[in-house]
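Chain IDs A, B, C, D and E follow the sequence of writing; residue 1 opens each chain.
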Amino acid sequence: MKINWFKYSAPSNFYPVIGKLIPFFMFFAIVLSIGGLYWGFFQTPDVLSDQKQYYRIIFIHVPAAWMSMWLYAVMVGWAVIGLIFNTRLSYMMAAAIAPTGAMFTFLSLWTGAFWGKTSWGTYWDWDPRMTSELMLLFVYIGYMALQSAIDDTRRADQAAAILSLVGLVMLPIIYFSINCPNPAECSSLHQGSSTQQIETNILWAMLVMTIAFWAYAFAVIFMRVRNIILQRERHTKWLQNLTGVKA
Amino acid sequence: MFTVFKTILGRDLTLAMRRKTDILTTFFFFVIVISIFPLGVGFDKAMLQKMAPGIAWIAALLASMIALERLFASDYEDGTLEQMLLSHQPLIIIVLAKVFAHWLLTGLPLVLIAPLAGLQYHLSGDEVGIMMLTLLLGTPILSLLGAIGAALTLGLRGGGVLISVLILPLYVPILIYGAGAVSTSMEAGSNVQAYLLLLGAFLILALFFTPWATAAALRIASE
Amino acid sequence: MILKIQNLSCRRGDRLLFENLDFQIQSGELLFIEGHNGCGKTTLLKTLVTLRRPDAGVVLWDKQSIFKLADEYRQNLVWLGHYNGLKGDLTALENLRIASVLNGIDASEEALWDALKTIGLYGFEDLPTTVLSQGQKRRAALSYLLLTKAPLWILDEPFSALDVRAVDMLQAIIAGHVEQGGMVILTTHQEVPLTSGQVKRLKLAA
Amino acid sequence: MFTVFKTILGRDLTLAMRRKTDILTTFFFFVIVISIFPLGVGFDKAMLQKMAPGIAWIAALLASMIALERLFASDYEDGTLEQMLLSHQPLIIIVLAKVFAHWLLTGLPLVLIAPLAGLQYHLSGDEVGIMMLTLLLGTPILSLLGAIGAALTLGLRGGGVLISVLILPLYVPILIYGAGAVSTSMEAGSNVQAYLLLLGAFLILALFFTPWATAAALRIASE
Amino acid sequence: MILKIQNLSCRRGDRLLFENLDFQIQSGELLFIEGHNGCGKTTLLKTLVTLRRPDAGVVLWDKQSIFKLADEYRQNLVWLGHYNGLKGDLTALENLRIASVLNGIDASEEALWDALKTIGLYGFEDLPTTVLSQGQKRRAALSYLLLTKAPLWILDEPFSALDVRAVDMLQAIIAGHVEQGGMVILTTHQEVPLTSGQVKRLKLAA
């Protein structure tokens, strides 16, 4: 099957298509998270090595942390496409992703903090990974702040795109933050991922939750993109025909 | 091309010299922040010693940042930036010259004055040496990164504070490794080299990539 | 050399400023852009100097898009906007010197002094431009016109703030440039009799 | 006269609201500075606890100061300050309104967000309460004092950094008593009241005298 | 009401701008200050509005020094300089409202709207003034002239950046004010035929 991608890069074509996809993704998000949480809560052992039941936060914490980084990468991807091809839609996508990315970042911080209270005895400590995750949140916020501080949409899009590109350095830093040049100095509380050793049940539940989060992300991002399109394209004929509202 | 670099550098330095206070102020800002800290946190010697690298670095970071706001803003307001954008000289060169001037005016004085901080916080000679070295490697990165923020927020109201929000998170890794190096050097048998290499690598990366981003941001801002 | 505008449209915010604009200008021509306050003259000029991108349409310099040519096109350009583009802390002389270097003009100290003298800033060269009067600042900015060799001048209300004598002088300078095969695009609300060369007029109406 | 106060206050708040980021940025600046410190100085819990009041206060001070630069500068640049000086309304009222707006936008948010700092630095509920109280009393003084510096440096290049140099030393007493109150409250059987009374007295003094100085400085700057 | 200048001298830096200046203006009079760029017109006007102190001489308003009268004198004053005195982030309407309150004018919303409409900003009232064109900004600043009841207007190049229609309108406004017994002091490099009332001219020559 041959799909004409350029056709869908026009907001006028993209708008109705994603309109149809939203309920679909929303449905998956709900079903999968219910399933994933059920699985995680009732099909996994109560006690994991020295940890108590609380470890089950992992089913939110880890997928959320992954999402925070993935969404950032995707956002930068759209921004770069925008900078290169100057397509309006890609900027809109990037702008729509930021709030969701920030939300997941916050979620991973939040859940991490609670887990930390039970596991390390403190809500917050200056573990490099936690700190760099916090900085990622600030980068997201900076992105949104910059975008909303500029009135001219085109300038706002491009400026925010450049910022996001620069902020990309945060990802490797988060990723490698467990390995620092001198382990004695910034010994991290986080250990390297032990996914190889943990029970497959836990792994599966985490994967399901990740897919659920993806579905949720698609749904909200599409909703937000539709709003942005409505707002930015209000002068265009296709939209005026569609909504019957004259701007 | 080198003439352009020299001219712009000369221009920015002359501008700073015309107001002699300009150079002195960054300097004093640094000194004051450093002197104020013990007032806020107490005079415990061991604690001060431990805090010294962090505070010196944070003061450097804030001093550099505060001066950043004017890096392009004044050129933007009086229309000279427009003229630079329209000159057919490579914008990257112009950006590099301006950033270099900024560093000479804000970064270098901090490096030179670091021993004073060392004195106030009871650091040993070696530690002061490491501190100067890390500042020497690190402050240009601050200027280079900060230039992006300055260019992005050009002409926005409250740009100054916005720069901080955009740039501080990016400064964090520099801060960690910069201050980390000095802290590490305080421990016996420690290996500072890894930190310095990392900072050096960051500097080279920044030198290559940030001018592009800044130039692009400037073009966007002028629209 | 020919600057050709095809089908140009520009919108600012909700407002469509102009649409489907077509015109061209070539060596030895002077183009007046006319129109009431807020009709989009400045916006048009900023587009022609690549400081803004048009919302539709193209601007061609010798058949190539000016945005593609970029620096190659800017080489042919002098722009003077509502702002004077002077550093207030530097003197007129220093400002002029920097402008020359930035544009790759290798002007001698003497040439710089001459330019300032001609433009009527004799005795004011060593004052920081911030203390100059409004009209003197404008003159300092205009002095660059005496040095440049770029063919295309785009001037946004160059006569503003100038006194009668300076207006006459600037007219002579512009006329001279056009006669020697240059091109000038300018806006002004003041009536000035620019007669030499072939004067075109473009009326923007929003 | 009250109408004038209200109008100017409304004006400055509207200006800030137009750029929603403006309010958020001071806020984030504070948060970021607070979050950055431990990175520089290490994560030792006892030490952090001890440093908390000092750092919170210094962050408040820097946040307030950075925003100060624009207090009159933007009015100066676009000529609206000239118009205010030529209106026949008492300049003191105008100054007070502008300073109050500045405090609402930079001081108050810091008071409200102090608990977060408390959390990050492992402070107890009581200590956080004292910290909020001292910030509530102290930040208006920072705004009032800072306004003088902002007025004095009007129209000077590099004004921002110059303000810091003029004003930071004046901030020091506030900092000492503000941070001191919180530190004292950490010790058992301590008496915080004296500190609070002192801060209160400073506030009243500042409220009475600084507006005159600021108004006079503005008249001088406009010449 | 009478504004009397006696023996006024002004120097800027090393330069003596004018010396022993004497003139006066009273109700129903209009005074043109003429002179070439940099001769000291702006400096003189700034002195008359108390933004600068003279180096010698006095300025009297009804026999009292304006610097002594201070706010009492400023009550009678409207000043429009090279800057427009607009906040870029506020709309023309908001700017006008603030200007009114600051000067103790109790203008209704309707009066504000009318002023903007008359000055030709209908449809632009709700844009932040920063996006307005140069001429529109000038108009927004001038709209305050339609509301004020102060007798003495001091205007520095009020016609700059205005298009032909706006120049005519402003002339009519100024003429009307003079006719009703106001006083106007202005500078301009543009020739404008202001005929009504008694026009005085003062030539500054440095």
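Couple of notes before you dig in:
In this text, contacts are C-beta pairs under 8 Å (C-beta built on N, C-alpha and C of every residue); 3 or more make two chains touch, one makes a residue touch a chain.
The structure presented is a predicted model; accordingly, all values stated were derived computationally and were not measured.
Among the remaining chains, not one touches chain C and also chain E. Of the two chain pairs shown, A-D and D-E, the one joined by more C-beta contacts is D-E.
Each chain gets one centre point, the mean of its Cα atoms, and the points for chain C and chain D are 46 Å apart. A separation of 37 Å divides the Cα centre of chain B from that of chain C.
Multi-chain contact residues, meaning those touching two or more other chains, occur in chain A at positions 131, 138, 141, 145-146, 149, 154. Shown for chain C are the residues that touch two or more other chains, namely 53, 82, 89.
Along chain D, residues 15, 18-19, 21, 24-25, 28, 32, 39, 74, 157 each make contact with two or more other chains.
The touching residues of chain C, when paired with chain B in their complex, are 49-53, 71-72, 74-75, 77, 79, 81-90, 94, 97-99, 101-104, 128.
Residues 19-21, 24-25, 28, 32, 35, 38-39, 43, 45, 119-120, 122 of chain D are the ones touching chain A in the complex.
Remark: chain A residues 122-126, 131, 134, 138, 141, 145-146, 148-149 touch chain D in the complex. Those residues of chain D lying in contact with chain B across their complex are 15-16, 18-19, 21-22, 24-26, 28-29, 32-33, 36-37, 39-42, 44, 47, 50-51, 53-55, 57-58, 62-63, 66-67, 69-70, 74, 77, 156-158, 160-162, 164-165, 168-169, 172, 175-176, 179, 183.
Partner chain C is touched in their complex by these residues of chain E: 12-13, 35-42, 82, 120, 124, 127, 131-136, 138-139, 157, 160-167, 189-190.
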